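Following this line, the structures themselves.
Note that subunit A is present in both complexes that follow, paired respectively with subunit B and with subunit C.
Right after this comes the complex of A and B.
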């Protein structure tokens, strides 16, 4: 049986933990506040003939090196390379949530965007054109309600398609201002020469320009030895951070 | 190829970093990267999202005008907290004595059974009076308050109230020199300090994160709620009765929480003026929409995850502790049991801070987890004094009274429990997060010093004025 690793990324309090519980049939306490999941948690589930390992990343607003949890989420996506990253967005505050989605899309194309709390949005009179969103982003986009368990099958079938390579998403790249674009173009060839396709060159170029020290340190470690670089022990569900 | 790459890549990377630096990088680049992303997302949303009625959206936050208002924010916070304590205390009494009755009946049968087969006295002592009685004490005393408190608190959490608490306290934390997010990690500490230590990762600045770690212990965690609630309901309300009694008890528990919060502010303030100097950084705090909690799911989950697991831990320790303390209490050296000798050793120090030798021993042995302090103490008392038949909460009080407890003992034990060093797991997490022996040690010593100083002061004052 095939096994795929799926990561859950998203802003804090978008219902990632609820989705995690729904998918893995686990019953971990969830709370309505930012920063509940700080360590990443892992669980497994089956869909059709496929085994999935699900990794719940800490909820963050961005994936720059602002704090330990942002670094943990970023490092996982970029260095551990999950087969698919599900970006969970809160339908009721989509604009703020999309920032993180865009940042993930710069790191990997193996993404399914999952708009959660769609029932809540409907209640508040917010209409979201999912198909148009999909076109704009260039990756499969699904609307769900994790707590009412709607849209889950659609989500899983998209995840499976992306994981198996049946769909190869091609995210729409962000265009930066001319000055930055020019610098990116200058850097990208030497990055590609050095890393091949092991890391996304455009993203690395942006981080180099940004002078992201902590990322560069981790990257060096990873380049030197991909195995011994290991940051966190994952937290198995069923065992909490509490004793 | 792979290996070659592995060796040469880092130096190539350095060269690239230099190249990028020459291009002129820094804050301005980060700003324009972020603002270009914002422009993109704004563009997407304008095309994709339609709002029927912006007003409707704003209305969902209307509750915040009350919950986070400058005037009503704090009174409402205290009222909600007080209400939860009141429900817990008022509701726990009856099931507690029912459980105790049930265990009492079972114990009767067990004893009859032991007599029927002519089992030796010591075996009956160890198994029935030690193991069974000890364990059933712990269950009937601790289970009911936990079964009420944890689900109620979880409902409040899932409703979305905790971020409002953080919002209300944000300014005070800033004034104390800490980070506003410290309010969030503190709220997490109400559940479990060990988990809260890990949650301090959301604080960016190392200085402010250290403040949050060092002061997290001052809010009572799952393991300490039962101790506080039980002692408050047993002791602090000797004179009042009935409905008033529960209200007074609830206020006392709330008073403890407030003392904990005030200590958090004070210690943060002192540290930020001394060992951890610096200016607080800014951040934005998100207030999530209020959501109707899934009531039954929340109740079941929190019962399983919290009430059950805390009880399990307490029983796992209480069972062998019951056996061991019974043995220690029944082996006599020079006329006194070993247990009495041990307690006598700590007695002078215990007396100094208004406690006794058994309590000190319970706190020392309770280092691995706070939920076992009370069970150990009960074991100690049960095996040393006259054996008391199990008969509900009033009975626990009788045991304490026989040991010479006064309201001062109860008050100081609550204060000591609130302020003393964090549990073993929390200390271990602090070490893992700070990677520093010095800070880990300090995170135990600072609270301990405060706990001793506070209880010493109350004990001396109470005795000086002749209140006890």
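Right after this comes the complex of A and C.
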């Protein structure tokens, strides 16, 4: 049976872990992210005839501030390449939440955007045009309430479509000013020559322009010895816990 | 009436400000941008500590307190009368 790996990304307090527990029925293992005292939770569930492994990434506002939890989330998405990353957004504060969504969409197209707390938003009189958001972002977008378990089936069906390749999302690219775009164009050919399609060239170019040294260090480790990188990432299972 | 840009550290309590420039650099700049201190965004000065530092701001519906080290490097124009 085919197993897909799904990562859950999102801001703190968006109900990521509620969704995690809903999907896995609390069947989860927790441990630490390699070399970091950041809790890592992993669980499994089935949808239709497909087995899924679900990884709960640390809740972060960004992937670029170089704190341990943000590095763990970034490294997982970029180096471990989950089949699908679900970006969980808080329907009641989309503006702040979309920052992370845009960052993930620059890293991978294998994304489903999941707007959680939709019941809470309705209560506050916030109306969200899901179809319009889907159009603007260029990836499947689903509204759910993890707490009341609404929208979960629709979410899983979109996740399965993206994982199986039935849907190939094409995120709307972010265009920067002329100066930055020109520098990106200068860098991309050499990056592609060096890395092939192992990492997204445009994203790597942006990180280089940003002077992201922590990424370079991790990338070096990953490129020189993928086996030892994998070993370091190996899970240390701790006690089963709800978090 | 229009207002000239001033550093947030000098803005009065209760004022709403439209951000114009962020002069903070490095990792802290990134963090501030992530939290919503972005040029063009509107913030509100909520309250000041007894000694005037740090100052609490409302940004993207969240309360964030900044020391003057940072808030003196974030510029904005006062909105309204």
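Just so we're on the same page, the second predicted complex is superposed on the first by the 217 of 243 C-alpha atoms of A that agree within 3 Å, B and C clash if a C-alpha of one lies under 4 Å from a C-alpha of the other, contacts with A are read in each partner's own complex, and residues count from 1 in each chain.
The criterion applied here is as follows: a contact is a pair of C-beta atoms (placed from the backbone, for glycine too) under 8 Å apart; a residue touches a chain by one contact, two chains touch by 3 or more.
These figures come from a predicted structure and were not determined experimentally.
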First (subunit B), second (subunit C), both or neither touched by A:66: both
Which partner chains sit in contact with A:126 here, subunit B, subunit C, both or neither? Use first/second/both/neither. first
Tell me which partner A:99 touches in the superposition: subunit B (first), subunit C (second), both or neither. both
Larger contact residue set on subunit A - subunit B or subunit C: B
With the two structures laid over each other on chain A, which partner does A:110 touch: subunit B (first), subunit C (second), both, or neither? neither
Check subunit A for residues that touch subunit B in one structure and subunit C in the other, and list them. 64, 66, 92, 95, 99
Subunit A residues touching subunit C in their complex are 61-62, 64-66, 92-93, 95-96, 99
Seen from subunit B, its contact residues with subunit A in the complex are 5-7, 9-10, 12-13, 16-17, 19-21, 23, 25-26, 29-30, 32-33, 36-38, 40-42, 44-45, 47-53, 56-57, 60, 154, 157-160, 162-163, 166, 181, 184, 187-188, 191-192, 194-195, 198-199, 201-204, 222, 285-286, 288-291, 293-294, 301-302, 304-306, 313, 369, 423-425, 429
Of subunit C, residues touching subunit A in the complex: 27, 30-31, 34-36, 60-62
What part of subunit A is in contact with subunit B in the complex they form? 12-13, 27-35, 38-39, 58, 64, 66-69, 72, 92, 94-95, 98-99, 102-103, 120, 124-129, 132-133, 136-137, 147, 174-177, 179-180, 183, 186-187, 190-191, 194-195, 205-206, 208-211, 216, 219-220, 223-225, 240-243
